[in-house]
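Structure, as structure tokens:
Should a chain be cited, it is by its letter among A, B and C, assigned in written order, with residues numbered from 1 in that chain.
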Amino acid sequence: MLDFWSDYTIQLVVLGSAMIGALSGALGCFAYLRKQSLVGDVVAHSSLLGIVLAFWFTYLLTGTASKSIGILLTGALVAGLASLFLTDLITSYTRIKPDAGLGIMLAIFFGTGIMLLRFLQRSQPAIPGINGIDDYLFGMAATMTSGDAWLIAIVGVAALVTMTLLWHRLKLFTFDADYASGLGMPIQMLEVVLLALIVIGIVVGLQIVGVVLMIGLLIAPAASARQWTRSMAAMCVTAACIGAASAAAGAVVSATGSGLPTGPVIVLILSAVFAFSLVVAPGRGLLHRRRKVVS
Amino acid sequence: MVSEGLSHAVLPGLVLAFLVTRDYSSPWLIVSAAASGLLMIWLTQLLRRTNLVDDDAGLGVVFSAMFSVGVLLVSTKLRNTPFHSECIIDGNLALAALDQLELGGRDWGPRTMYVMGGLLCAILVVVIGAFKELKLCIFDIQLAKRLRLKPGLMEFVVLSLISLTTVAAFEVAGSVLIVALMVAPPAAAYLLTNRLSWLLGLAAGTGVVSCLVGFYVAVQIDTSPTGPIASAAGVVFLVTLAIAPKQGLLARWFEFRGRRNEMLELLVLQLVSEGGRPALSGLAITPQSTQRRIARLVDAGLLEIDSSDLLVTPAGASALHRL
Amino acid sequence: MDIAIETHQLTVAYNAEPAVWNLNVQIPLNAMTAIVGPNGAGKSTLLKAILGTVRKLSGSISLHPSIGNHNAAIGYVPQRSSVDWDFPTTVFDVVLMGTYGRLRWFQRPGKKERAEAMDALRQVQMDDLADRQIGELSGGQQQRVFLARAFVQQASVYLMDEPFAGVDARTEGLIIEVLRERQRAGNTIVLVHHDLASVSEYFDHVALINQKLVACGPTPATFTRENVALAYGSVPKQLP
């Protein structure tokens, strides 16, 4: 622990993780309130295929293996959106139910992603750096570089600015799309913006929690924050704080030598926060309810 | 998506039992993991009853938390055992055959074969034995209640079987494959048939085909079979989706086009009957499309061209009247 | 009598299924009009077509010049069940949403808008619950919040989708009272209505539809057993 405050790498990792946690937590509120939690899970799993493909294509094109998260996360973004688009196509034109459609897309994209990853890992001659892609399964905050942190900061600020400028419209659209449409708002555009925000929230989180557990970082802060707050703005801010604190704590535990994957640590911290919120949240939690029944 | 949750949630039970018994082939692994799956279902139902969180969100938090416990246990306590973290994703399908069952000094073949075979028999017994009861519980839970079929018990039995299957499959196939195999083949079968008995048979068949194809690919490219099998299940589904005779995308699209054209033709007829050709200006389709509708209607003898205007023929009028 | 809204040969279809077919409806200015018909008759679709939120396949809709054609010219009350009432927001905030249509891009509601929202809450007797979470409201209170949100739009036409569904008798009386007041002030009110027994009591005009128009006009002449039977296939039990 001693070297924690002086070690530049650890400071960077903690700061970067906190930013990611805040961003995913805040954007997760939209997914939660639109009842798209499981959509988040599918996008996260599916993005593995995008990450592996992006890595492979860069290697084929340039001959060097790049693990710049700018490139990998672009791949993740494309794959995530593709899986959502396909799910939508399947469920609106056939009798497959949305739930099953999501499950299938998850299976196809993630399964193919794993297949390709294992294939590349065994290919000869060995591709340098391919084993590092494994970190995207369960998250490894410690591999973050200062370039990565800057990129996340820029994406975060862009998402934040979009959210603030369009805040009222996004809020109304999330709450009551029919009415927003009646007021003449461009709801198709709002839908696209919102979806893009949610997918960005998922994709940036992949580095620290990984594709398998991403749903935890996306949803748990929102679900906890919902218990404490009475307005959507407060919910987003609270979720951002919960996400940031949990991600930073998880990164510290993981980066100070234990070698544990960051994802599960962060998700467990978040689950504890969630359980705590459910029980003690003022005016809403289970304790409050019990007191009301007694009195 | 509950099966997605289950396939993640069985992990902590599996790992805990392994930590206690230190025996990779102990039956306790399966029992404990199945219990852990049921625990997840119980927890999500508990959350649902509080009405404090959205159902899907509750499921997501619970299964990711349970999975996290499992992953952490594996990466702290089991670092150098067969149970390393790659297995969580990939399973150990290729190695499953190496784990032989030895009884009385004789080699009886792979142990997994017996476990899965036993499970298959159990499932067959329940499904065939209680087929009509299960069917009723799925389709009409109210009627099932009135007939005292105990849908609650039925659900528990089915969930236990699903949980057990998940576990047994987890050991050999990891967490990805389970979701793939539990969702894709039934969905493909669902596009092909309406009957529950056919659905079950077709789903099982599709699953077997997916596994064989996937395994073949895995051997060819020399990787663990999990990913290829999941992909194969997905591809089989996608192919079915494209070409299934009634429910497939192509069939649906043609049917949709046909119904839409029929509707548009009737609409053209309706509009002409009330205001002649000028009434068609209010139609929100392209002029070319309108021309095609008119041509079809004229060919069918429902409409005739009268100098510059259009007239509804008696046959056209009676078609409208039938509407 | 002046006509507030007139649809001419209106057809709306979802994919290949028509919801509203070749519909000619006239809704008079400054009156209370009920849209009545069985489930799936296209009543909500008709409202949405007038609002301009669904695509017309054919026909046109004309509005009286006094109504105007800016974004929030028509006040809309969607079905209460169309939203998640566990959304983290207060009664006051929901009502304030009615002013969003007037705001320019990136503008936030100011003092004027807040005062108007409070005013609208007073009209539906909900001002004392302004800070309440919407999840803590009864069905009738939720409906009144939606009504207040539409009133904030300061429109002259209001379209309401089943505002009496799942509402207690007291709220129903209060809503009718408020609507009549609006009518006296010169507004036009259009309601999708389910309870056939109260149609004659509440409404001046009625439009009976079942995809196609069955009948449209003043209630006494239009809302006859024959027409109801035509729309529903048989005379429903609710009707005496």
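Keep this in mind: contacts are C-beta pairs under 8 Å (C-beta built on N, C-alpha and C of every residue); 3 or more make two chains touch, one makes a residue touch a chain.
Fair warning: this is a prediction, and the values are worked out from it, not measured in the lab.
In terms of inter-chain touching, the protein chains here all touch one another pairwise. Using the mean of the Cα atoms as each chain's centre, the chain most removed from chain B is C.
Just to note, of B-C and A-B, the chains joined by more C-beta pairs in contact are A-B. Taking each chain's centre as the average of its CA atoms, chain B and chain C sit 40 Å apart. Chain centres here are Cα averages; for chain A and chain B they lie 25 Å apart. Listed for chain B are residues 54, 256, each touching two or more other chains. Contacts with at least two other chains are made by residues 35, 226 of chain A. Taken together, the chain A residues at the contact with chain C in this complex read 33, 35, 165-166, 168-169, 171-172, 174-176, 178-185, 226, 229-232, 234-235. Contact residues of chain C toward chain B in the complex are 8-9, 11, 13, 15-18, 21-22, 55-60, 86.
The residues of chain C lying in touch with chain A in their complex are 48, 51-53, 70-72, 74, 76, 78, 82-84, 87-90, 93-94, 97, 100-101, 103, 105-106, 108-109, 133, 149, 153. Interface residues of chain B, counted against chain C in their complex, comprise 51, 54, 256, 259-260, 263-264, 267, 270-271, 274-275, 279, 282-285. Of all the residues in chain B, the ones that touch chain A in their complex are 1, 3-4, 8, 47, 50, 52-54, 56-61, 64-65, 67-69, 71-72, 75-76, 85-86, 89-90, 175-177, 179-180, 182-184, 186-187, 190-191, 217-218, 221-224, 226-231, 233-235, 237-238, 241, 247-249, 252-253, 256.
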